[in-house]
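Each chain gets a letter, A, B, C and D, in the order it is written, and its residues are counted from 1.
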Amino acid sequence: MNRALVLSRAPVPNELPAHCVSRHVVRVRFGETDLMGIVHHGTYISYFEVGRVEYMRRRGLDYNSWTELGIHLPVVEAFVRYRKTARFDEVLCVESRLTELTRVKVRFEYRLLRGAGDTTTDELVAEGFTLLACVGDDHVPRRIPPNADAILRGPELNSEVFPEVKALAAR
Amino acid sequence: MNRALVLSRAPVPNELPAHCVSRHVVRVRFGETDLMGIVHHGTYISYFEVGRVEYMRRRGLDYNSWTELGIHLPVVEAFVRYRKTARFDEVLCVESRLTELTRVKVRFEYRLLRGAGDTTTDELVAEGFTLLACVGDDHVPRRIPPNADAILRGPELNSEVFPEVKALAAR
Amino acid sequence: MNRALVLSRAPVPNELPAHCVSRHVVRVRFGETDLMGIVHHGTYISYFEVGRVEYMRRRGLDYNSWTELGIHLPVVEAFVRYRKTARFDEVLCVESRLTELTRVKVRFEYRLLRGAGDTTTDELVAEGFTLLACVGDDHVPRRIPPNADAILRGPELNSEVFPEVKALAAR
Amino acid sequence: MNRALVLSRAPVPNELPAHCVSRHVVRVRFGETDLMGIVHHGTYISYFEVGRVEYMRRRGLDYNSWTELGIHLPVVEAFVRYRKTARFDEVLCVESRLTELTRVKVRFEYRLLRGAGDTTTDELVAEGFTLLACVGDDHVPRRIPPNADAILRGPELNSEVFPEVKALAAR
């Protein structure tokens, strides 16, 4: 192995609408810290998952939907870049954005923000992405069903945008 | 954000000796699986950490060493690519390789293997890397001390190579 | 060891006011399930912790308060009894009640409920308790400061009771 | 609720052979600590699980056995009492003892020890128990199959007792 895995920015192959984003609030749990007094790096992967699940739920795709469709979306790649330390009991905003959607793969990018809900001025705590593959109950690759594809590309179903983030900002 | 984070292979800036590798065995715990019946993707990050800690311990750097030096090595980037599903109770080999060592950063690449300990024929379950930054107790960047640098570039201290992997192969 | 550890009901030594309770909502994360498709039993311990932290926060005791007082409250005993299976993505209510408060120890009892926020009719998913000991930064037992004791025995500071549970019920 | 859950010692209803014990070594992972610098209390529940799985494996019951029998053994009660703080990178011995086995329930008691493998002089870090119920794939209670019952009451199958603990003592 004389070549290292490196990460860079590349053009996104298929543009997705600006509404393909959801924001969700998490509070750091005690057991998610480590002896350095900060959030353990593995925890961010779990926050990304919470954000991604919320992205789907707000568009009407809960876990039962996937089960009925007979498919799963296991993670095949995950990346996290840590920018700032986060500590116990802090409230963070997970921003999940759909950045790629092909016949068999779904890609989300995440930003973990600290602040009052203004995503332009809030401090970036961490960022990253996950790539998911669509598989059947037998773990064999499957095409993402057209209705699921349409829902993923759509906006949040509830008209009020980001109620939790607003509530946080109002405190 | 019109450019996505992508991962590719790039030339390694500074070559490191072939002995800069350690292998360690982990067994999948029940609580590390998820409802898909497979190892939860966040768990791999934890296995990488176990492998990295073992790499350092076999060269004489335990956690007390870092504490005495007054430094920490928090993870600033982590990446995992999942190749094959792993399940509860499986025995996996974590191969941790030092691939970059600068004045302030340490990079490890990992391969998670299933098999009898032959790293050329064993099945690749997952691979990835972590980038660590050297910081002081105040979380401010610090230069890696020369003695720690030398130890990290060195071979394992115990003469018998990979006893655990051998024991596994002998079963 | 010819006698087993058993659990039973016993009179509570010091009665505490009925207002010594807080309720908080958690949603089951994907990584908190296991291959049986249900919430992994270790996860409940983490939910109890979330509930206990919230009990204190709503009375004005956040983590910084404890740090300024120079004390910690590590868990010295924890018990969970599982009643019903809970699954991925379910919304559960953690009810945390202060049931004992001596000079050096704090005891909380928990009920994990599934339902719309009516704690008399909601289904009991799990129950348990944790016993915490007050220690200094050196992990040596310390008396709980009188002001912390008074706050723990007090009611929630915000007038609106259980806003999250109400919000859940309204959906 | 005017009576608290309390824990005490009680006579064991059915005596089990002295060979109904297994010992297994775990090393504390970085992500298992918390900001107090010690092992997070929820982690002990996970160590007990590792010990229990090992108890069964050494008697020939691996997870596939249970799957073939069509049964699961979910945890219905878990208790931990913390005696001493354990820290990152420490090596601990999990002692798992079968203390009760009825037609539908299995009870294990655990001692977590720090030391060279001498269980009479080693320091007790934590102790506790778990009660498991036998259920079918449908989560409905099932009788423990006679062959599984017999195996659980039997000794470890490999003649060499506690090889890992011996290896640890030899270092």
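Heads up, the rule we're going with is that contacts are C-beta pairs under 8 Å (C-beta built on N, C-alpha and C of every residue); 3 or more make two chains touch, one makes a residue touch a chain.
Values in this document were obtained by computation on a predicted structure and should not be read as measured data.
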Per Cα centroids, the chain farthest from chain D: A
Selected interface, B-C versus C-D, where C-beta contact pairs are more numerous: C-D
CA centroid of chain B to CA centroid of chain D, Å: 29
Distance from the mean Cα position of chain D to that of chain C, given in whole angstrom: 25
Inter-centroid spacing, chain C versus chain B (mean Cα positions, whole Å): 36
Multi-partner residues of chain D (at least 2 other chains): 30-31, 36, 38, 42, 46, 49, 88
Contact set on chain A toward chain B in their complex: 1-12, 15, 36, 38, 41-42, 45-46, 49, 72, 74-82, 85, 97, 99-100, 107, 109, 127-129, 139
Sites on chain C touched by chain B in the complex: 30-31, 33-38, 40, 42, 87-88
In the complex with chain D, residue positions of chain B that touch it: 29-31, 46, 49-50, 53, 57, 62-63, 88-89
